[in-house]
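First chain A sits with chain B, and in the next complex the same chain sits with chain C.
Coming up: the complex of A and B.
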């Protein structure tokens, strides 16, 4: 994992803990914790996360890209942001 | 912050209001009684550009921005007393034409949008099912890849325009494991496709000229190009279409409230009791003052939310706020207008009892107001 991916994971993890998991032990949210299938993100919180990602990383999600393929874990999210950022560059 | 409309927007609202007043209202009482859909008036609405307000001109639309679209519909809501026709146009435009225009393939847009805009075609949005309503994403309809397309099965109900539509925009689960985001796909389906059956019109309380019914899909095959926005994009596309619908139908409510308030004022100035116009009594005048407060606050919410369509995903919360507020304001205004008219208010010929009946569904369709409050709370982190 390169630094950028780590940095994205850290930033998104902070956002998730603050927004959806207040009071939760930070160690319980690992890079592979299932966010959507695990029930941490429901349909509206998924859209809130996408809003955060679009604003933070200046990327855009198409309708079909908002799914567990791209957002299921912190690892998936970091990969998605890196791919989108690379495509934009 | 400038709250004034442009001259073009003012003219647009007036043009739509005048068109509706002159051409759409004759026979509305009888059509409501008989629950008849006015196909000829639908066509006239198409000629006026109503069914394609925000669609790019190259596909036959008027190319309006979302705020101007809402303002046009406010004028339509002000002038049109056939709430069923108005609701049919809104369901067609906001839940079908808009998602096709924003997410349809080039071939689909070219094939269907001109007819959808000019009133040749009628579209139905199929989302609600017997076991899923406001919790729309818990649907039972399924679509599976089949050769070069998809095979769809399921039953949609309470679908406006279902018995008379030529085209359906429907949603089905394409990947059960993925759930709402990524697991639901939107499709455009011609209603004469083998396996698709359109149900009979439901009898109902209000907007009775709108034809509401079921759509039964049994192994209905659609080509891949009829997928809206890519497989798995259905929930996002549906949510976006509901943002349009909740805001723009609320714009119609604003127009309807303006009309009701003007009728209440006219009656309160001319009807006398104990030697004075009833509007001189505070029991009446305060009701009308409250109508004005509801009207202007709802209008501001509608304009603000409409101006944010397509600019921010969290406008979904604004749409829910507008939907709740405008619908409850409309119901209260309709009820108070009847109260001011007294016995005359409940006579069919005065068209106020119909306005009240037409208003009741507004806190239910497009997602109940209870669910809208859930959405608002969820956006607030609750």
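Coming up: the complex of A and C.
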């Protein structure tokens, strides 16, 4: 799998649109849309997103990492996954 | 009479070196004597800043040992503490602090600037950092009202107030529920009777301090010299990690809304649940679908399971212990049970007359655990209570119930437009008020429908004047600037016109039927 930032963003975007934003115009979800503070992900959907990321990218999140520092935007998510993948390798 | 902070004083004398509180998210802890010293230091700073008995002290910090000590520091200063959701928009928190005219505010360092801006120009000044809190994780700043002016609130008796918890208000403005030391104690003492807590117990602290579930965790634990494990916002979102903390800290008393228990059963399966030390699991705040309760009981078969019921206004007024076994075929939720010892409940009709046994009516509550009233809302207070011929004050819960064959109250629904979401109260009118501030919304109506997966789904119908249909993302972002996250609707539906009744009111019944 190609884990560069763009492909991570694309795949997470697809997942978010399909799972939490059915019918939404894909252009509305930009790399900088605030997902947590913007009310798009609530606590249950955040758990689902983290589970998806852990399974898809074979990474693990610590408790303090489930926050708007790491998951606030698609850009943040891609950065977090890349850092975690690099640490694992 | 005991005041709440005396529980800490006494336990600090009895168990000075025992761990009082653990911050599971930051990996730090404090002994009883350390916690007592922090509370004393905060009290001194508050007194130096001019806080006197009868004042209010705001707390706008993430859950941490510092904010925990802050509650006791404020109480020691003779003030009532006013905790808010530090993740909620600063505009809403400022509205709350201005409403009850807090004399001082303990605020997380990174939130001070935005809060100050919303509080109004020059109304509060920084009285410096609370540097002694930093080793325990969250740097905090003390804000003080400036200049010091005497504030008068006719009809508000602030003596003996312990805390004010703000809940969603139907007109768009949150309302402050005032509890005294006495009303909190009535509830805490009842808890002591119910499950005989002791110094070996380890309590979870899952609910935020602005949520009434926190009263049991905090004060019952400290009263009995137990250990309290703070489960912060981030940790609370990770059930697998929560399950590990329950195991590693050997938590014996768990208290939360059903929704997090459901997540634990669904995603926390990897932990070794046969080794958990849990002896009592309390849940409250919303109906627990039996399907999910059954999954939790299968995961943890040993503890007692108790449903506690009561609006913020009454603390807890009824309770029900779930039987150890019940038929597989059962799908209807369990009842909310019988009166707590210090309170009396009755099922009443619209005139306040008790209805015949077994018939539907509104649940009224009177007794020691009932609030003093709402902050500075005399008319709302007059409506909230029914006064009987003997002068007894009954709080009208708005919940429709009936008594079943076993003498337990069964919850049937609401009289008004309040719903519960993740245990929080949501007045649909407050959401509508926020939506009306959108430039493209000429009319808004919000309805909630029960949902097996999510508990409740909130839909907003909008008479929309914008060019394009409203984007879900844009609308959620808009709401996030006005409302706490748990109040943001799940769906936004544009309509040409809202359906109306013959009296030109919004026809909510018709909206409920619309897809």
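Odds and ends about this structure:
Simple rule for what comes next: the second predicted complex is superposed on the first by the 86 of 89 C-alpha atoms of A that agree within 3 Å, B and C clash if a C-alpha of one lies under 4 Å from a C-alpha of the other, contacts with A are read in each partner's own complex, and residues count from 1 in each chain.
We adopt the following convention: a contact is a pair of C-beta atoms (placed from the backbone, for glycine too) under 8 Å apart; a residue touches a chain by one contact, two chains touch by 3 or more.
Quantities reported herein were computed from a predicted structural model and do not represent experimental measurements.
In the three-chain model built by superposing on chain A, chain B clashes with chain C.
Of the two partner chains, chain C is the only one touched by A:34; chain B is not.
Of the two partner chains, chain B and chain C are each touched by A:43.
In the superposition on chain A, A:64 makes contact with both chain B and chain C. In the superposed model, A:19 makes contact with chain B only, not with chain C.
In the superposition on chain A, contact of A:86 is made with neither chain B nor chain C. Comparing the two interfaces of chain A, the one with chain B and the one with chain C have residues 37, 42-44, 46-47, 50-51, 62-67 in common. Touching chain A in their complex are the following residues of chain C: 24-26, 87, 233-239, 241, 259, 263, 267, 422, 454, 471-474, 476-477, 479-480, 485-486, 488.
Against chain C, in their complex, chain A makes its touches with residues 21, 23-25, 28-29, 33-34, 37-40, 42-44, 46-47, 50-51, 61-67. The touching residues of chain A, when paired with chain B in their complex, are 19, 36-37, 42-48, 50-51, 54, 62-69, 71.
Taken together, the chain B residues at the contact with chain A in this complex read 103, 137, 177-183, 229-237, 239-240, 312-314, 316, 375, 378-379, 381.
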